[in-house]
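Below are the structure tokens for one structure; questions will follow.
Read from first to last, the chains carry the letters A, B, C, D, E and F; within each, the first residue is number 1.
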Amino acid sequence: MRHINELREGENVREIYLCKQTQSLQTKTGKTYYSLLLQDKTGTLDGKVWDITSAIEHHEAGEYIMVDGRIVMFQDKPQLNISRIRRAREGEYDPADYMPSSDRNIDEMYSELMALGAQIKTPYLQKLFRSFFVDDAEFIKAFKYHSAAKAVHHGFIGGLLEHTLSVTNLCDGFAKQYELLNRDLLLTAAICHDIGKTRELSAFPENDYTDEGNLLGHIVIGIEMVDDKLRDIPEFPKLAATELKHCIAAHHGKFEYGSPKLPAICEAMALHFADNLDAKMESMKELLKGVDEKADWLGFQRNFESNVRRT
Amino acid sequence: MRHINELREGENVREIYLCKQTQSLQTKTGKTYYSLLLQDKTGTLDGKVWDITSAIEHHEAGEYIMVDGRIVMFQDKPQLNISRIRRAREGEYDPADYMPSSDRNIDEMYSELMALGAQIKTPYLQKLFRSFFVDDAEFIKAFKYHSAAKAVHHGFIGGLLEHTLSVTNLCDGFAKQYELLNRDLLLTAAICHDIGKTRELSAFPENDYTDEGNLLGHIVIGIEMVDDKLRDIPEFPKLAATELKHCIAAHHGKFEYGSPKLPAICEAMALHFADNLDAKMESMKELLKGVDEKADWLGFQRNFESNVRRT
Amino acid sequence: MRHINELREGENVREIYLCKQTQSLQTKTGKTYYSLLLQDKTGTLDGKVWDITSAIEHHEAGEYIMVDGRIVMFQDKPQLNISRIRRAREGEYDPADYMPSSDRNIDEMYSELMALGAQIKTPYLQKLFRSFFVDDAEFIKAFKYHSAAKAVHHGFIGGLLEHTLSVTNLCDGFAKQYELLNRDLLLTAAICHDIGKTRELSAFPENDYTDEGNLLGHIVIGIEMVDDKLRDIPEFPKLAATELKHCIAAHHGKFEYGSPKLPAICEAMALHFADNLDAKMESMKELLKGVDEKADWLGFQRNFESNVRRT
Amino acid sequence: MRHINELREGENVREIYLCKQTQSLQTKTGKTYYSLLLQDKTGTLDGKVWDITSAIEHHEAGEYIMVDGRIVMFQDKPQLNISRIRRAREGEYDPADYMPSSDRNIDEMYSELMALGAQIKTPYLQKLFRSFFVDDAEFIKAFKYHSAAKAVHHGFIGGLLEHTLSVTNLCDGFAKQYELLNRDLLLTAAICHDIGKTRELSAFPENDYTDEGNLLGHIVIGIEMVDDKLRDIPEFPKLAATELKHCIAAHHGKFEYGSPKLPAICEAMALHFADNLDAKMESMKELLKGVDEKADWLGFQRNFESNVRRT
Amino acid sequence: MRHINELREGENVREIYLCKQTQSLQTKTGKTYYSLLLQDKTGTLDGKVWDITSAIEHHEAGEYIMVDGRIVMFQDKPQLNISRIRRAREGEYDPADYMPSSDRNIDEMYSELMALGAQIKTPYLQKLFRSFFVDDAEFIKAFKYHSAAKAVHHGFIGGLLEHTLSVTNLCDGFAKQYELLNRDLLLTAAICHDIGKTRELSAFPENDYTDEGNLLGHIVIGIEMVDDKLRDIPEFPKLAATELKHCIAAHHGKFEYGSPKLPAICEAMALHFADNLDAKMESMKELLKGVDEKADWLGFQRNFESNVRRT
Amino acid sequence: MRHINELREGENVREIYLCKQTQSLQTKTGKTYYSLLLQDKTGTLDGKVWDITSAIEHHEAGEYIMVDGRIVMFQDKPQLNISRIRRAREGEYDPADYMPSSDRNIDEMYSELMALGAQIKTPYLQKLFRSFFVDDAEFIKAFKYHSAAKAVHHGFIGGLLEHTLSVTNLCDGFAKQYELLNRDLLLTAAICHDIGKTRELSAFPENDYTDEGNLLGHIVIGIEMVDDKLRDIPEFPKLAATELKHCIAAHHGKFEYGSPKLPAICEAMALHFADNLDAKMESMKELLKGVDEKADWLGFQRNFESNVRRT
């Protein structure tokens, strides 16, 4: 398969892509043309159909289409001038090729997360962990393939898992360095901190905010999800449950990021740092991936409130 | 009964008060004395036992005690020099005399609130309202006698009810003026917006933040309480439930006041205004109550970011 | 009349519109064309004159013109390709058709406001109210047809009146609910709070900031206008005048919105809430009006610091 | 006269001071004593009357009293143990000795300000200047002896004049350096920028916020005062008047300091800098005056958001 | 020479300009064209080469090119349709004509600055001043021709010198008005406050942030430069050095503008005001220069947080 | 030795303490007494000398004194009523017993830090590390025994070393988890990030801000110290030096905490997180140490913007 990020000026293309958008427009001289947004897992590409002939089969956004065309440069970016379109048939393509995805193997990451979870020694915390990550097949499936964001960082298949694993690893390190920290509580909180994202965002390929996501957010949803499981663990101490939910509530660390409470216990504080550091490191990594190897300064990044640079 | 706010310099007192605190201290010359904080529903009073004789019966904070003494002025405030203490016997006093309480009749206010609730026409919203305010005796008892705050405004018995009633009345007026507003959703949200306070704060006479109150806050608790009741109302539409919970989540209107989401629907916005206006009006009223009739400017009030004045 | 918000792709149009802007431009190939901004009370429309022939009569921005053309879509928005222009003659059009205007009848709203004003019982406040709203014909004319804003909310003919009436109604409700409030002061302040807008913004069709508006703002101007009238009411108590002017000064409720003082009396606080709530409700209404019935989420609104949704 | 800032431990005092406050208190052992706050222009002094005998004549706060006593140290500060008090008779003291006052000669400063004012060449600006500073005897008297603040900087007799002169001198320098600046407008604005303080604060010895000061502030009051004078200068151009009032409105330079508009013209910007710089320099000077010559670091000063140091 | 800011629609141009950028693009119909950004000291101009013939000599960004073409208007701005390009030969043009430059004579300004520096009486401060501005030829050359900014204010050849001179003049005035100020320290600090800009920004024609500029900023660089010179002035007192470096560190006056310390001594405070005032006055001047004489309101300026107006 | 934190009411004490402050005061009845602040490494104790007899030897703040007395409680805190004082002789006490100190062994911590430093592979970074931590005996001595703060966290002997070691350990973990990070740069930056504190604060027992500390702060000082060493490592690449200094400059992560630049490279970001996390964890630990085992909620902590709780 010829990936979008490999296409070069002048190249002739014959390939199946996912059509994310399609628009019917008119030039200034009144002639109708189509503007398409094509996607595979390596990026997106503008396509234009300047001549609408019988070679252009009708199609809708969300369909996979076989396109013939040639790459030209427009405003320094490649664009595909399309001469032929037909809808692809099931079996001609593999959906996984069309969605951005973690660089790491998903099952491998899940195994690592399970190994960390297995180290939770407190029985009721272990039980809660298992109620999500071992016993709840529907949750597991959603969790493994979800992104951690619509845009920002980890916005790809497996992103939620990759981020959760990384945060849990950091917390594990913190627990080793600081005696103050209750390791079992911290590991459980780290593993569960973003489970609400499985309902805040819809699954791929849509990956957009749900009504619930917009109106309540993944912090409140995550607490609701924990409450649901706790009904079946009657021996779970009330105070421990409150502390765990507090860690979820406070993990954004600032009111303006939607935490209704700020960290009041050291585990919540440690979780907040792990979550924030992993987000910043991944953002930096994604920023650098997106630009030319030779570029050093990447320009002002609102996210970092600074111009940012490769080292 | 001789109330604390009526005591005057030089007066001899023989009365039962609630002892909130008791401390054993020493003067600079090394003599031991006791310092007590006495309370009735009209306020608090410092008491001093300078001579610890057999007339001073042993007692603990939280007990009702009969004190004999004389009022002197210390740093412009009355203080009771105590010569005798004995613990009061059950029946000698009425606890209601010792806790600040709403000026309005609690049952009367509750009836008004029920009358407003009865106007909710949407069946599932009506059902939810009844599940708390008609069917749940334990909740009703807590709700009627709870304060709405530890300090700030409405910090007295019946304060939660008085505030809820006032907010619901304001919302009712808004719904009449603005067609945009879904009256049933707004009334339900107004009546339920602060139910989490029944668990955020402990009951009187303690009236202090619970662990749950400190770690999660009444917004998250309130949403959990709604979730609990919704289990028994299977016909409650998912989206309507999310909207109602959003109104609770967003009613503080600002992230820094602990709302994890800002108002995204007009009912949440209207509820936020009603809640905030009632808080401000009650604060102003309590401020003015606390000071001399002749004073006009009350000094800078952090709450209002301004010097404040009687009109 | 064929209104701008009803025009559909492919439709032939022959109609008089107000020409808000006109520009002479060149295509990349060097050919001159005209770009026009056309307006009626339902919205605005881009017009293009690709061929400048004798059928295109000379005209200026601000004139009413009869245009012949055809609607095409450009970047998802309708655009009028114009083949003929002639200036319209007085009598061929009614200016009221070309400016956005309140949905409600202006005289009816004015009567309602007068009825509220008539309830002011304090003689000197009643006198002040009448000096503007009964005796000053020039002011009344300006007030009735002014907008309340250049953009934001209530930016249409009658908008100032509609907003003032709504704020006064809210204040009336507050005065009934809170004994603390001096109803006469509050009603007077509500009715007068935005009178400075008659000089901050020029009249329609311009509706733009005046020099005075930019340099002083409607709060300072409004206070000056009250000062002017007070010269003829010598019995008006000095303190009452100061309180009324304070209500105007503080009605934005925050320094960063241009209030030189924050509410220091309860009437100023109540007025601020009414003003702000009405602004928010109207903004929400205008937002929803502008979008497709089927859209639920309207996207992030800076004004609300949130994505916003129809209920 | 023996000034308060010269009194030393162990010294016997017999002197007339202004009594700012007087309180009747009781020791822990129940004995009544008086606590007085005495003042002269060099500072304040705590006085205590431990024995209330016939040698202690009755007196009220605000009266001048002849006291006999001895200086002791209490918590590192001098305190006067008083054995005798009698009210002073008119003629025994000069009020000017009892209020803090500018180090500079008031008439001399006024002459300098008049000399600067005389350089305003634009006839209508000159006329406005004269209407206040030459023709209005009552205003002139108030202006010359007013303070520029209750606390903060320039809080002494002549402080308003000293600050105004200094700001005008700075503006004069700016006008020489920057051609952009309209010197006549800037000088007039500088001279008038704080005239509202003559009504925002009451005169000495009270020197406290008036109702008008609290509710409107000196910016709004100053604009009203200019409006009053402008009635008698019909030839004053409307736009020039608006610009002058804008300079007053914007001279605090930030919304949170009560400016309803930020500087929009270069003269308003220059005035803001002059006002702010003079305030900072005077604050620094007063800070350093108040402390021991040997102290270098004066501790964190909220006003400067920094620890502050003598150079 | 025909300057860019004098070119008018329809004019034929034959002139040498500096080519800042050159891009190869394609029209929608697939035809290649070139887009150039041309510059002289009066501004920049878009150039288009629609027909790529042998008359279009190859060239790179950064070269001086002789262009033949005709001015057309595109989106209200002039654009040059180019028919011929050849690279200019050394000697055909004077680089000074192609870079924005101070209106004032650079040597004259430098002499004025030297005259101010000569007034520093403290020997070690005088020595430091001379080590930069008299003895260090490389520094002097960089300083005289550097800009004070990439964009914002004083972003032209000689801008750093012009700004430094103006700030030093203001400080000289302040030192005369306020006895509190140590004139020698203040003059030295003013002259040195922005020397770090010679390394923060590269020289013209690039005038862009260096790595060091982005990573450390001119405040830290300036302190390092002072440290370097101080090695050769062993008699320079340690505390005086620290105070001078503090003035540089604190001259932005706010943490968010990159000052690691806020002004703690009066000289640092005065320097901050001078720096800020000069920046604001120059920004205002440059704003007004850029617009039509007839325009009065220039629109909202982020820099001033206000709409801004010519007086 | 009888430590201050072990003293109980009623106990007779005969022990040597460090006298931090001594004051001569007077009771209300005019009698002179002394108030002393005594210190050992476990805390501080108020001492009072009510009778000044020949048994009270003259002494100054900063001296070690042998005191005889008895512990009484005053306002719930122990206080020592002193009957005898004599100055201690050299040899009677060990200064280390009188200053708060790290719980961990200083040489052990230093060895761990050296082991981490030894892992820096890049020769010029290794050389820089050694120039401070191996070759500069004076620096090493200061670094090992310095505190990391006057108050806040790590304000004890060895605190700077303990904090630096902990931050370096965290960074080491981050470098293992994130490939993006240049481990050598990050380790060097971590080890050097707070070296400026050796000059920002004076050594124990004073441990207070120096002039340089107040005027420049440890960030600027640390950069100067690196610059000094770099003179002797000519092969150190300019860009690498700038990146290292940037890490020091940006490690506070926010302008308002005195960083003149925000993290622009990933190593600076990682260092900021490590520094901040360690500060928070240590603060939490110190908070909990200071309070009764049974207390769970510790009250609102400005540092955490939250009430804080033991888990």
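We adopt the following convention: a contact is a pair of C-beta atoms (placed from the backbone, for glycine too) under 8 Å apart; a residue touches a chain by one contact, two chains touch by 3 or more.
Just so we're clear, the structure is a prediction, and the values are computed from it rather than from any experiment.
**Q** If you apply the touch rule, which chains end up adjacent to both chain C and chain D?
**A** B, E
**Q** Consider the two chain pairs A-F and A-C; indicate the one with the greater count of contacting C-beta pairs.
**A** Answer to which pair has more contacts is A-F.
**Q** Do chain B and chain C, two copies of one chain sequence, contact each other through the same residue numbers, with over half in common, or through different ones?
**A** Both copies, chain B as well as chain C, present the same residues to each other, with over half of the numbers appearing on both sides.
**Q** For chain E and chain F, what's the span in angstrom between their mean Cα positions?
**A** So the centre of chain E lies 44 Å away from the centre of chain F.
**Q** Provide the list of chain B residues touching at least two other chains, using ranges where the numbers run on.
**A** Within chain B, the residues that touch at least two other chains are 211, 214-215, 243, 261, 264-265, 307, 309.
**Q** Please classify the inter-chain touch graph. Allowed labels: line, ring, star, complete, other.
**A** Graph shape, chains as nodes and touching pairs as edges: none of the named types, so other.
**Q** What chain-chain pairs meet the touch criterion?
**A** Result for touching pairs of chains: A-B, A-C, A-E, A-F, B-C, B-D, B-F, C-D, C-E, D-E, D-F, E-F.
**Q** If you look only at chain C, which of its residues touch chain B in the complex?
**A** 166, 169-170, 173-174, 177-178, 180, 182, 185, 243, 261-267, 269-270, 273, 276-277, 280-281, 284-285, 288, 304-311
**Q** Touching residues of chain A toward chain B in the complex: what are they?
**A** 211-212, 214-217, 219-220, 223-224, 227, 239, 242-243, 245-246, 249, 255-261, 264-265
**Q** Flag every residue of chain F that touches chain B in the complex, lowest number first.
**A** 27, 48, 50, 72-76, 81, 296-297, 307, 309
**Q** For chain C, which residues count as touching chain E in their complex?
**A** Per the touch definition, chain C meets chain E at residues 23-26, 28-30, 209, 211, 214-215.
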